[in-house]
Amino acid sequence: MPDRDTSGNQLTEDLTVSTVSELDLIEDKYSGRKPLGLWADTWRRLKRNHLAVVGLCIIVVFLAVGMTQEIANLVGLNTGEPGTGYLAPYPPNAVNYELSPKGLGSPPSWSHLFGTDYLGRDVFSRTLVATRISMLVGVIAVSIALIIGLILGPISGYYGGAVDSVIMRTADVFFAFPYILFVLLIMTVLGPGLWNVFIAIGILSWASYARLNRGSVLSVKAMEYVEAARAQGASDLRIIFRHVLPNTMAPIYVAIAMGIGGAIVTEAALSFLGIGIQPPDASWGKMIADYLTYLQAGSWWMVTFPSIALTVTVFAFISFGNGLRDATDPKLKE
Amino acid sequence: MGERLLTVEGLSTHFFTYAGVVKAVNGVSFTLDRKETLGIVGESGSGKTVAALSLMRLIPDPPGKVVEGSLLLGDRDLRTITDEEIRQVRGNDIAMIFQDPMTSLNPVLKIGNQIAEAIMLHQDKSKGEAWRMAAELLDRVGIPDAAKRVNQYPFEFSGGMRQRAMIAMAISCNPDILIADEPTTALDVTIQAQIIDVIEEMQQAYESGVILITHDLGVVAEIADKVMVMYGGRTVEYGGIDEIFYNPHHPYTWGLLGSLPRLDQTEKTRLTPIKGQPPDLIALPSGCPFVGRCSYERPECRDQWPQLEIVGPEHGVNCWIPEDERREARATLLHFQEYAT
Amino acid sequence: MLSYIVRRLFQLVIVLIGVTLITFLIMFAIPGDPARQLAGKSATPERIATISEQLGLDRPLHVQYYRYLGRLLRGDLGESYALQQPVTELIRENAPNTIQLALAAVLIELLGIPLGIYSALRQYTFWDTTLTTTALIIWGIPVFVLGVFVQWFFGLKLQEWTGYDMFQLTGAGDNILWIVPADWGSWSTLILPAVTLGLISVAYISYMQRASMLEVIRSDYIRTARAKGLSERAVVSKHAFKNAIIPVMTIAGIDLGALMGGAILTETVFSRPGIGLMIYQAIGARDLPVVAGGVLFATIIYVFANLFVDLGYAFVDPRIRLEG
């Protein structure tokens, strides 16, 4: 066979040897198509998981709601109201006794979509503003955990030996505690409050990120030894960072998604138990706790809407996280 | 050879997927006689494995479906017999060994269990007898210390031994046809030859027909009596082993033969690969799937599937290039200068 | 297997030491006066001094830790200042209820296994999609939210609609809906909390089981089993089942361990006595010894549960069993 084809193009290398079974190729729906690269593939597979896509949309919407102020600042619409002030039709803490006859609030109506609470405050506005707190907790707590984990993980993996053992055993100890009880214990000692919530959740979650990260560093280390053996130049380093690391980052992204969901629920649980955030801050968990007693009296709307908001958020993170995991799992076929 | 065991006519298997219809196998036909070895050759995606799985009705449905074809085992059409009947055929009349013996054996069950299972299913034997037979089979395929080995788990076997165990499992019920799907691909080169020997031995002993699926022409040269070259789900050429190797007529076959490293080539000579990529099985042209990679292509190649052309004794090819042009083209290729006729 | 057991036990010891150390640090090494924290908000200076002396809070930290460890090994978890009772006694009182709830919830949870398997085998069908979506939605409901609504429905609405007074509402308590069942000792105290817990667990167990089963059923060895001529039922029950169920059983086992330590949110919502409620009430009263003691107890149980699950897994997987 000539080594140039009839059009003069250089022939590519195709040695027709492959150990991938064809059924795998077919089932993976590539059917001879070349893989598009890590992210395009992941996105393609993710797109097919409708629940995950729904989850992602919800997450984006809620994040946007939570970040209205920042977004508005970006666009130049600063009216000085904190948080989601723009979107909320009423100030969330505006008390209005007239809207709460008998101290039981008023049911949903056209002017107050979610009704009003026992102080006449608009539930919709409060729920909206609480979105910000929840998103904040999720993001900040996970960030704290991520920072700790992304420092300790690579240190552990890179140095190995005693350092690795110590850090990993410490991680084991952190894993040993049932999560929510551990957080409760810390909160009991620190006392309630928004920042304490960030710290408590953040400090106790670092272990999973550290472990995941360590794994990726270990595999990169192995690669490096191979490369060193071949005594090649910087181009291989680029291969490692462009191909190996993104591959190994996938479980961390999944962990982040699940982690934010978990942090939000944990904060809600803490606030529900009375040891989370304190007034005037409002979070969904706090709202549920505050409004519980009114349920019995028939004012169902106060509890229901924050509950729905919370559930929807958690569902979104779980679905997206699961979808992301399925989409990045190389072995998983539909 | 012996009696005709299998007659496959016009087999077509498609996968109805999210992305489109994957036409994995299109109109493939072949026959198999007793004591005959048919080598099915092609690259990944050529449809060879799917064709074999279609015979045993092991294509997952959804998304796959054998949409057409007659698969005659004796006088029964494997495509239309009942589920109950096909289960009796599997492991019993037709047995299959797979590519990767590590993943193809259940890790939590003992080897003896997995072999005895087949025996107890198809033959009227008690558990004790079946296990005894399993040990005998392990011995037959050349596993030392068979009586002890039969109680072990797959992870305790080496790669070559696992494949032997798979062969033992496959022949346990004396099948008429043995299908070996890339049996040596996952193994070391030194073990490969041994496994092929074992397959050959068993074929002789049990007088079965063997379908050997592979991309490795070296293996085919060893034991095949006839060869079917597949590409893009179609058969592009078939014929006896000598015919295919010494009188190949299809450009793809030339490519396969030409890409083999030769002992008389110097290190400086580059390997000649086949240019291009395997076809997208969803967007196959209605003509020859080899378009785009064939150096001799002509306009009709893309739109029409060439009719079968007999070019030798029991040797057929599907190609639009007229025969004389083919011989000329073949002669100019380095590899075939000795065969210029 | 032996070497695995040894390694695992070694790790167990290290973890237990670490857990006690952390608990100790949280209790005794926080800024501020630990004695005051442990004595409680309304303690007199004499009381604080007594505690300080008892616990040797003036000693260096590592000495304190040894003494703490010693007390732990003797079963002394300190004393609840609010209830004037040894913490261990409180735990002993509350444990049976919690164990009961844990067992009930896990039993319900195991229903997720057949659900998940069935769903996996019927992939792409309406049943499968419905089940998966429902499971994900339910999984996302925080347990206390579900608890509130379960109470509301079964306690309030059911009564309104049917007139059947299965649960009596008292409306007492600070911020928790108190439901006191008509017959306190009956099963009704167990059913609602167990079902609430169990429902959410069933959701994720069935999801996990489905995923596990799907992965197994796509394996090469399943294809081999079919190629031998086994019926689909034999393929599933003999080859797929064992492999698919292992990961899920480990989850269930760990769940049991976690629940044994007190399902604090559920017990709180349903006002069901147990370790969880004990801890919750202690939090409200800032009763640190109880909180720390309860958490430590729960953690130790959790650690052992994990151990048993690991050992079980080692036993089932022939690779670990034979090679250790």
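Think of it as A, B and C in the order they're written, each chain with its own count starting at 1.
Assume a contact is a pair of C-beta atoms (placed from the backbone, for glycine too) under 8 Å apart; a residue touches a chain by one contact, two chains touch by 3 or more.
This structure is a prediction, so every number in the text was calculated from the model and none was measured.
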Chain-contact steps, minimal, separating subunit C from subunit A: 1
Centrality ranking, top chain (CA atoms only): A
From subunit B, the most remote chain by mean C-alpha position: C
Between subunit C and subunit A, distance of the C-alpha-averaged centres to the nearest whole Å: 24
Interchain centroid distance [CA atoms averaged], subunit A/subunit B, Å: 48
Separation of mean Cα positions, subunit C and subunit B [Å, integer]: 54
Set of subunit B residues in contact with two or more other chains: 100
Residues of subunit B touching subunit C in the complex: 56, 58, 62, 87-92, 95-96, 98, 100, 103-109, 117-118, 121-122, 153, 155-156, 166, 169
In the complex, subunit C residues that touch subunit A: 11, 14-15, 18-19, 21-23, 26-27, 30, 37, 132-133, 136-137, 139-142, 144-145, 148-149, 152, 156, 169, 171, 175-177, 207, 215, 218, 258, 261-262, 264-265, 268, 279-280, 283-284, 286, 288, 291-292, 294-295, 298-299, 302-303, 306
Complex interface listing, subunit C residues touching subunit B: 124, 219-221, 223-231, 238-239, 242-243, 316-319, 322
Subunit C partner contacts - residues on subunit A that touch it in the complex: 51, 169-170, 172-173, 176-178, 180-182, 184-189, 261, 265, 268-269, 272-275, 288-290, 292-293, 295-296, 300, 303, 307, 310-312, 314-319, 322, 331-333
